[in-house]
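When the chains are written out, they are named A, B, C, D and E in that same order, and each has its own residue count from 1.
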């Protein structure tokens, strides 16, 4: 699981039927200070996150399928929480 | 899942029989601005994408096998959508 | 499994119910000399580690689920030990 | 799956019995232009590839086990094809 | 699987019971020339490797569990061979 910031959403009309109606977000991984680190990727939303939010993202297929309660979903990354603060 | 651009296709005559007739694309991962990031890799096409298209690529074996409806396919990455736009 | 240093904890009120009551730590991977290497990520604690501790972190979903004795947990990384020393 | 060039073979006399008789190749990942990108790693050969060949390598455990028809093989990467050309 | 050099061993008194009695090595990945590449990580030994040895390391959970003959072991990387030479 990583910290990330939501940058935007992807609009795709030609895609597999299983993805219809799912919100695909572009997320930028963040370090412990909230600075960008590494490469952006795509994640499905489960917590009504918005653009600019700092979120928790899990990037593992089996975890993503458990969260979506669909053991067959072809999905790897999911937004699972919105971050309020970092304690040090 | 990531954003990527299709760069071309691989021609291979000596390969495992399971890959016969499948189109293998070279894809370049993109950031949220559409700029290249990270390393190119290979993905199988499922949406009739063409060279130059910005696409959605899922890079996880179990997801790839589900999409191809073949639980035994030795495949890891698949092109699953064509991107129209990014909303911010 | 990697060496890492605990940097802090994440506070998140909006998150999936499965994560309620679990302590989410930000960890910084370390090289063999104890210097930072690579990107920070998040891990769940199982050994009462504190901020500043050098720890062992396993980053693989099936391992994490075994350690938490929950084959369905949507979890990928877990802190599994506290490091006393490196022998060379 | 990625493009890679075969750099050489590893000679190892002390190794697990399961690896006896298998050819372990060092491969260098390549970008779409045939230039080196990223880190070298090791892969088992299934197509009689030789040093200098540009090959297709799949780097996922379940795929590797399917290709070798051994669901228990402790193997992650396999050379599965020899590349003739890249179409753009 | 990758080439790596053994840098040292980790001493940890506070750790999960499943890791008691197992030797945890710090390994540095190497390229085809024997030069360091990428980040160090931790691996369990199965071939009595020593500090300074060039070894074969497999970094995939299912492979590691097969090698240790323990389908439940929360383990991801294992040293599986000692390298004598590289043929080119």
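Heads up, the rule we're going with is that a contact is a pair of C-beta atoms (placed from the backbone, for glycine too) under 8 Å apart; a residue touches a chain by one contact, two chains touch by 3 or more.
Remember, predicted model here, so these are calculated numbers, not experimental data.
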- For chain A and chain E, what is the smallest step count along a path of chains that touch one another? 2
- Determine the shortest chain-contact distance, in steps, between chain C and chain E. 1
- Chain centre separation (chain B, chain D; CA means) in Å: 20
- From the C-alpha centre of chain A to that of chain D, how far is it in Å? 32
- Contacts with two or more other chains, residues of chain C listed in rising order: 62
- In what order do you meet the chains if you trace the ring from chain A in the direction of chain B? A, B, D, E, C
- Task: Please give the residue numbers of chain C that touch chain E in the complex, ascending.
- Result: 1-3, 29, 31-32, 37-38, 46-47, 56, 58-60, 62-64, 66-67, 78, 80-88
- Interfacial residue positions of chain C with respect to chain A in the complex: 7-16, 18-19, 24, 26, 28, 39-43, 51, 61-62, 72-77
